[in-house]
Amino acid sequence: MIEQRMSLRAVVAGIAKRNLLATIRMPSIIAPSLIFPIFILISFTSGFTALTDLPNFPTDNFTSWYLPFAALQGSSFAGAGAGFSAARDIENGFFDRLLLSPGRRVGILLGGLSVGFVRSTITALVVIATGFALGARPAVDDPLQVLGGLAVIILGAWAVATMAGLWSLGVAYRLKTERAAPLFFIVVFMALFLSTAQVPIDLMNSGWLQAIARWNPITYLLRFVRQGFVTPFSWADTWPGVVTVTAVLGLLFLWTWRALARYEK
Amino acid sequence: MSNSPPIEAEGLVRTFGEVRAVDGVDLVVNAGEIYGFLGPNGAGKSTTVRMLTTLLKPTSGRARVAGHDVVAEAAAVRRAIGVALQDAAIDPILTGRELLSLQAVLHGINRKQGKARSEQLLERVGLTAAADRRVGTYSGGMRRRLDLALSLIHEPSVLFLDEPTTGLDPTSRQSLWEEVRRLNADGTTVLLTTQYLEEADQLAHRIGIIDGGKLVQEGVPATLKAAVGDPTLRVDVDAGHAEAARAVLAAHGEERPARAGRVAIGLRGGAESLPAVVRALDEAGIRIQHMELDAPSLDDVFAEATGRRLEGADAAAPDSESDSGPAAATDVDAHRGRP
Amino acid sequence: MTAVTPAVHDARLGLRATAGQAAALARRSIVRIMRQPQVIVPNLFFPTFFLVINNASVGKAAGLPGFPGDRYLPFALAGTVLQAVMLSSTSAGSEVALDIESGFFERMLASPVSRLAILLGQLAGVAVFGALLALFFAAVIAPFDAVMKAGIGGYVVLVISAVFLAVTFGGFALALGIRTGSVEATQGAFPLYFVAIFISSAFFPVALMTPWYRHLAGNNPVTFMIDGIRDLTLEPFSWAAAANAIGVSFGAALVAVLVAFAALNARLAQR
């Protein structure tokens, strides 16, 4: 007699393991998601370095300024992979098998997101290492703050990976096709760049971008993750990022969860 | 423990916009039964199965599987059922063993038991040798077998098979039929959808014919076929003996149209009456060159119920006079009239 | 019977027939591109997005010493057009690879169609699209006080250069498509295009880059292509600048067509 004991933790772990195996076995996915952020980091920091000459630019080290953003950008690709995976499963029928399991459906969602944590951590570490090689240096002397600076970049990477993952999963669950893939990227891309990605708000050239950036949660997340590398740690730079990102994650989670709960094909 | 049938549906309806894919299906499948759900493409078979397996919510109507409501107690239903859908629901990147392991986890089976059960199932479906190969390298037949194994990991009491042999070669098909019979012999109730007449005929204890979203006919295959009418017996005799043969055969059934040199009747009593017919012809000194008995097929049953032939019905070379569909022909060697 | 070599065959056909064939194939090539929103839309969206975002974000850099011109939008026009033309022209490669995979290419080769006609025909679609892209982006930024300082002459040179640039990138893509016969392989080259754009003067002046990067970007042929056109955006019209812009892009196009020809000959030699 086979005993079935449902455990959300076990289901999430099982799906996470499967997604990780799938990722590792498809190097055509991994390579670009690592190479691209490194390339963007090199290209932007080398090409746009003169931006630090703008009056009142917060730092004279553009690599230090840009590195946290590059880590977030790379993590967004890592996170959006969840949507690709789900769309593929939906198209080839494997998603039905997941839906037929007796466990709670939220386990499918959480399992889908979990690989993003692993991939974004690796991406963030690779970007940090590359940044250091290119000349990024912490803005503070205190080793604890330096460690903190690295830690918040990782945390930020997780946050962005989860946001991108939730968004891409929500789209995948609703549109049910791999052809929706460009939608995963375009929205995430725009959200990242319509922020203080390249320059602080005060140095932006257009009022409309300033207005958008002021409302964009990514701006506050960037303030949070630039601590240690660009600015010293402060509560004023910490709480807005934590609050806005938590709120966005919560809303995205509900939006995506709703799609999964109502999923039918 | 509930005494209710493993599968029961009442007034099941499912619409997609304007389209009524399932239009009021009432269904009861008894414990230990293999129930064949037969119908052409687009009849509503898969949609019905998806509702019974909790993948789709009914627009209206109710259904209970393994004693649980498919909407209100969906998780309990999924715990009790195994499902192998029309498209084998497998991940090509993983190996067979890894998929079974994942399936065990999804069903909350502990690691030790899951491993043992996986090995048992791999052996059962003949995939032990291929278990560590990626599923993407498997043939169509192997994928189906793995899909079946996945659906059995938790020893379900009710098994849903949605067109399980579509696209398979004859050997793989036979092999899957054997497995279904074995499972049923072990006590599993099976609901099987198919568009293959032979499959329904061979496997099902009872069949339901669905067309246009409605259940148009239901019953035991033999009874349904018999209800269509007597099988057609065709006898080819020597020239000059046709009239005499006609007279002899008239006692065994109503004459039916036939070409020259052949006599055809609707044989009362079916195949069981054949020996008597042969004896009668022999006693009358009539030499039989060829004899064939076309039993009514499920296609005839379908045609009777819907006015159309079933799509994808296996087509034996049709006799131009025969109203019957595919022949389950019984060839009898030329009788030499020996005493 | 002696087999007729392709060269003799071409000579016999004559220029007129070649032109007719090229025109027919060109029509097909143009229609194919125009009917594929998945080619058109991303190649409009991303360059536009980068243009808008960069101007809105780093536009103040135009005030830095050493920045060509005094505003970012006019500076970015050339790089944006090149980016769009480059990305959209890669479809020439996947189209020919598709033709090879489907067998249509073999059928063309077996018919009395000259090789020149085949190549020009395949490139016609991206060339026309390149011209349209140039006009599109010029029109998009014009209302924002970003008109080409070289005037009408500048816009003419922009369009002509865009056509040659489309032939350039289309030609290289075509060569790849003909050599590999695989859509997947041609699309796998996409990162290279990306690298070529980023390590150039498309988004930021080479003079303001870090030294080692400046060296790379400064020697990138794409930079020469962009700077040639940029001179006409930022300066009044001069024949020298026009000749430079057209000359560079024409020269690149010639090289690309020769490379594509070589790929075609190599493929024919394999038969």
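When the chains are written out, they are named A, B and C in that same order, and each has its own residue count from 1.
The working rule: contacts are C-beta pairs under 8 Å (C-beta built on N, C-alpha and C of every residue); 3 or more make two chains touch, one makes a residue touch a chain.
Quick caveat: nothing in here was measured; it's all calculated off a predicted structure.
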In the contact graph of chains, the distance from chain B to chain C in steps is 2
Comparing A-C with A-B, the busier interface by C-beta pairs is A-B
In whole angstrom, the CA-centroid distance of chain B from chain C equals 60
The distance between the C-alpha centres of chain A and chain B, rounded to whole Å, is 51
Rounded to the nearest Å, the gap separating the Cα centres of chain A and chain C is 34
Per the touch rule, the chain A residues reaching chain B in their complex are 1-7, 10-11, 13-15, 17-18, 21-22, 25-26, 89, 92-104, 264-265
So, in the complex, the side of chain B touching chain A is made of residues 53-57, 75-76, 78-79, 81, 83, 85, 87-94, 98, 101-103, 105-110, 113, 117, 134, 150, 153-155
Interface with chain C, chain A side, in the complex: residues 32, 35-36, 39-40, 42-43, 45-51, 53-54, 182, 186, 189-190, 193-194, 197-199, 203-206, 208-209
Per the touch rule, the chain C residues reaching chain A in their complex are 42, 45, 49, 53-61, 63-64, 66, 72, 191, 194-195, 198-199, 203-204, 208-210, 212-213, 217
